[in-house]
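Here the chain labels run A, B, C and D in written order, and each chain numbers its own residues starting at 1.
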Amino acid sequence: MSSNSFGQLFTVTTFGESHGPAIGCVIDGCPPGLPIAVEEFRADLDRRATGKSRHTSQRREADEIEILSGVYEGKTTGTPIALLIRNTDQRSKDYGDIAQSFRPGHADYTYWQKYGIRDPRGGGRSSARETTMRVAAGVIAKKWLAERHGVRVRGYLSQIGEITPGSFDWAAVEQNPFFWPDAHDVPTLESYMDALRKSGDSVGARVNVVADGVPPGWGEPIYGKLDGDLAAALMSINAVKGVEIGDGFEVVAQHGSQHRDEITMDGFASNHAGGILGGISTGQAVVASMALKPTSSILIPGRSVNLAGEPVDVVTKGRHDPCVGIRATPIAEAMMALVLMDHALRHRAQCGDVGEMSPRIP
Amino acid sequence: MSSNSFGQLFTVTTFGESHGPAIGCVIDGCPPGLPIAVEEFRADLDRRATGKSRHTSQRREADEIEILSGVYEGKTTGTPIALLIRNTDQRSKDYGDIAQSFRPGHADYTYWQKYGIRDPRGGGRSSARETTMRVAAGVIAKKWLAERHGVRVRGYLSQIGEITPGSFDWAAVEQNPFFWPDAHDVPTLESYMDALRKSGDSVGARVNVVADGVPPGWGEPIYGKLDGDLAAALMSINAVKGVEIGDGFEVVAQHGSQHRDEITMDGFASNHAGGILGGISTGQAVVASMALKPTSSILIPGRSVNLAGEPVDVVTKGRHDPCVGIRATPIAEAMMALVLMDHALRHRAQCGDVGEMSPRIP
Amino acid sequence: MSSNSFGQLFTVTTFGESHGPAIGCVIDGCPPGLPIAVEEFRADLDRRATGKSRHTSQRREADEIEILSGVYEGKTTGTPIALLIRNTDQRSKDYGDIAQSFRPGHADYTYWQKYGIRDPRGGGRSSARETTMRVAAGVIAKKWLAERHGVRVRGYLSQIGEITPGSFDWAAVEQNPFFWPDAHDVPTLESYMDALRKSGDSVGARVNVVADGVPPGWGEPIYGKLDGDLAAALMSINAVKGVEIGDGFEVVAQHGSQHRDEITMDGFASNHAGGILGGISTGQAVVASMALKPTSSILIPGRSVNLAGEPVDVVTKGRHDPCVGIRATPIAEAMMALVLMDHALRHRAQCGDVGEMSPRIP
Amino acid sequence: MSSNSFGQLFTVTTFGESHGPAIGCVIDGCPPGLPIAVEEFRADLDRRATGKSRHTSQRREADEIEILSGVYEGKTTGTPIALLIRNTDQRSKDYGDIAQSFRPGHADYTYWQKYGIRDPRGGGRSSARETTMRVAAGVIAKKWLAERHGVRVRGYLSQIGEITPGSFDWAAVEQNPFFWPDAHDVPTLESYMDALRKSGDSVGARVNVVADGVPPGWGEPIYGKLDGDLAAALMSINAVKGVEIGDGFEVVAQHGSQHRDEITMDGFASNHAGGILGGISTGQAVVASMALKPTSSILIPGRSVNLAGEPVDVVTKGRHDPCVGIRATPIAEAMMALVLMDHALRHRAQCGDVGEMSPRIP
């Protein structure tokens, strides 16, 4: 299968480089009859967009999306949906000298080693600009999941550097530029980010993403487990170095009597498992978390080599995020939505809409 | 693609239930001409086997492997290699009452919700017995990687409960039943495990796995990234709840100036990235880590419900591992080997054995 | 995807060589709850088996099938179903000198060119013995199609050499060793085959296969068309050199006014299309046909070369079918059943059991 | 895998409707470093284009192709290549009443049955306009095959209605609007087509396609056979109802002594097999043929029903090909090129550029 495609039955193929003419995607396998309009992409694209606050990259892309196919009279037809966004704010001059050397911590070196050729403008294909199309595809998946199954997928930033939220409130998350669940922390974060930006450095972050309303039974043993696919989905996001389901790495120090989620007549008594057992959803909230490294595009010089094999100091000018984790929240939501929708379709393929048999929950 | 298959070009399909007649696998895509004999599976199967020390499950399986196809006069032929192991130590009686209720923390509930039917004997398909075949397939991958590319894949246990190694020595790892890298800690671990077993409880663990000798250029952007595929591979192992590449979740608190691996004339100055940038190998060691939950099969009663919808207390008798993480080390190695071999083949498909072009390392 | 696997959602992976220890398959994606017993494979395996009349190869295989996994208390569980048949009638001595030369018209030469190694015993992996497992998997597909959708898949021989049936009667097909639809022709066929066998030569054949009861809507544009997948399925059968859907090559000389199937208030007025338009089933019978070449394993010497690069004359002794097309009938049925079941599952994945929307037939 | 994608390692995903805003494709897996320019698509797009002679549809599309990604400084980079063509000559008014009824012989009915919704403008997704992108992708495959392996893929029309060529000359094929290999027949064909067009009817055709220079060893047993994939590729082309490899259906009446291609010290003595044995290329020319039905879009009224369930007479006005087979020649070439390139990459994945071992041809 194409390495630029994601999903087996709800398949998203993306294309495009950071500073090429356009980025886009082809979504195959969407059920017919789903109403979808260009305006519906706006909200999530804006949440992911650069240039919305001083805490993210100042590249300003219009991100005007065009639906090229697969929608007729406002509804999906079952044929592939192609989406296109023209790149408008390309400053190729910013990237001139990068073509000759390898920025430490970037994919410059590995793309060149793999392919013997690379598009150095803005990181080319390795740029997080590609995630714009994930968010766009995620809009469709989120809508279908919500309308058909009542599933809601939401994310938030749960850590920047050493800072963690003092409290948790979903309502706060969309009220600040950090997707932060505690409004009281926002001034602290702003000072922190301002100081960081001034220092020319960057910092890592953690993003949590939660899906409510997922019915039991989604996910396929053994190599198509819901958590296995989520791990692949989140790890495929730029800068991600770790993925957790439910309690994640905390389970290492837990005892079985503490970890296992007991079942009562009112349902599960806890959710250490993050809503997945044996790779299949339990009916509880599906909970995942991911760690994003600090961007390597910083103003502090770093040692590297150039194409001539000489040592050089690299300073990444241009417009970069001091904390790439911030804008990763809608991307994580999109990836979880893509995984869930794919598994919803896979489940009904094998087990039917109402199951081949119909015994269900105690 | 089949959910019981792993890998795109080196494809392993497993089958079998814990207490069915047999488990097995079909390995498709192995290059021709690789010498392979039945005896070569023994070492890794023994490392993964139950009943080897008092710290693992006392189920004793002979694990006699049979090569059914794909090998002629001691060499692979390029056709599918089928491997078969008969289950011999099946005590179905141990699992009689489990059929009527859902063990908390197990896949009993989710399989039943998904399929409306389940094989309750030993967890059926959801049992870690399936991983025997991963280890078997991994033997072939490890051998090919070693012979063809000089790659070596090794794992060790890096944490049990709160205990971490006092020091690190690869030579120690295979000298104790815990795959533990510090020989001095072994008596402590034995006491810890004995006490745990006596208490009827279980504990989590962390396993690290490292591949040396991986050349730069393996891995496929965007959704076939080497780290994305490793995350899926490791998360698909029973009981795994978290996966890290390189520094993993530590990156959340790191600064860019600290994290990015600088490049010098002698190569990379550090390996925070775990040998992968932009989803493609850098030529450094590929480093991953995973968290395993404490097994839910414990002697301490847990609340659950039965098929009649009544509350029950479940005690899991039978023969279980108090720390499933211990035996997971060879499984993690196998999964990393499967991923690397698959990507080695994918790389030469697109870029050729010697590259379509031949510029290389500074 | 594995090249030894067939189908996207109902995936059959086969393994095994003609004279290796065993042949087998793994069937993944079968819906749960389907009753299946070992005895149910007998009828179709017998229809395909050698040694049943003097007109087919005299190799006598017991073809005792064993279900290794995926069935619990007589019903499928949704996990992979592994089937195994031990090879019993292996006469490796028959194939001794074949190892040194390439039989004209066989895969000996191409396997050796591709892999640099081949299992010469009975053609190894290229032998039609592999089709035994297709027939076995087809038994499950046929049963599910019949029980769930009322679909019936049947085949017959429609030509041997220059001989075509004088009339057509489904009832006759299973009453003679040729799967021939006209009982009156049987004595003629027997004389023809006896003379052919005596001459040491072989002859080609044509097999037709028809599925009744297929609902409209199965098949996926553009590259997953029902007819595209049928073409691949039938062409993958040993010795097949041509595939037709509906009127097939007769359409070349037809006019549009003659070919197009008009629609009346009583349904379609004809079925030139073979039940498929735009790659999707119309609700009419799905009709396909395939051409099988005469086997190249004949007693008449043929020119070839040997591994030493010298010219040799090859005579294929051993036990071979003078007309491989005869036993191909159940194989063609099986392949059509596999395609239809796969598409049934794919259809309900995207469109739901009852469709995302429910407008239907006029 | 996406049903709008073709190929495993050289994967082409197409999108777009006949009268939507645009059609396009994403090509994934192309090796890096291949020079490719917009102008190189022109020749084959023109060969396929409508409106080039009075014998094809008069729809006039500019077919200006845009490369959106995957090419940097004139060379492929190994990342996905997206190609886009805007639809310019859309006359939606032509298709107004078609929306209410089902044209006999078209996919109108089956799309509506499958999806419950369809884009009726010009047949929407089921239109042969989609094949424009196959031809575009084929340009890249043809170029790579030629440069890297010296493979040349060429097609011609071998029959229209009852008319077959009087002689054969490759040089003639590109000198007339029919891709006809005998220049002397052209006036006859022109009269035939003029009369046909006047009658308002249409006719079928046969197209042959041949690849020279294919090395031995391409193709994967069992379900990834070169001929199996060719069959799927050609059958996926609009209007195709039959596919043959080598002698095709003529093998039914052949004897083994006649069919099998003997091997001499100068190579194969004949090519009845069409260059493929056991699903793997022999090193001879790969030869395939396909039958195209007469288009159902004719001026002669045909019986059908409408959405209200009433009987109607349908006349397909608009601009249609009286013989769709004519323009199918470059499409068939493209599909064969896609299959060959995919298998070239698959072969070197498993067996290496120089083979894992190196014994070769006698």
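Here is the rule we use: a residue touches a chain if its C-beta (ideal position, glycine included) is under 8 Å from a C-beta of that chain, and two chains touch if they have at least 3 such contacts.
Since this is a predicted model, take the numbers as computed values, not measurements.
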| item | value |
| --- | --- |
| Pair joined by the larger number of C-beta contacts - A-C, A-D | A-D |
| Size of the rotation, in steps of 5 degrees, that lays the CA trace of chain C over chain D | 180 |
| Per Cα centroids, the chain farthest from chain B | D |
| CA centroid of chain C to CA centroid of chain D, Å | 26 |
| Centroid spacing, where centroids are CA-atom means, of chain A and chain D in whole angstrom | 38 |
| Centre-of-Cα separation between chain C and chain A, whole angstrom | 45 |
| Residue numbers of chain D (touch at least two other chains) | 1, 3-5, 8, 14, 29, 32-33, 78-79, 111, 114-117, 125, 221, 346, 351, 356-357 |
| Parts of chain B lying in touch with chain A, wherever the complex brings them together | 1, 3-6, 8, 14, 102, 104-107, 109-117, 125-126, 130, 159-162, 201-206, 216-225, 227-236, 241-265, 269, 272-274, 276-283, 291-298, 300, 302-309, 311, 325, 346-347, 351, 355-362 |
| Complex interface listing, chain C residues touching chain A | 1, 9, 29-34, 78-79, 221, 345-346, 348-354, 356-357 |
| Contact set on chain A toward chain D in their complex | 1-5, 8, 11, 13-17, 20-24, 26, 28-29, 32-33, 66-70, 72, 75, 77-82, 84, 111, 114-119, 124-125 |
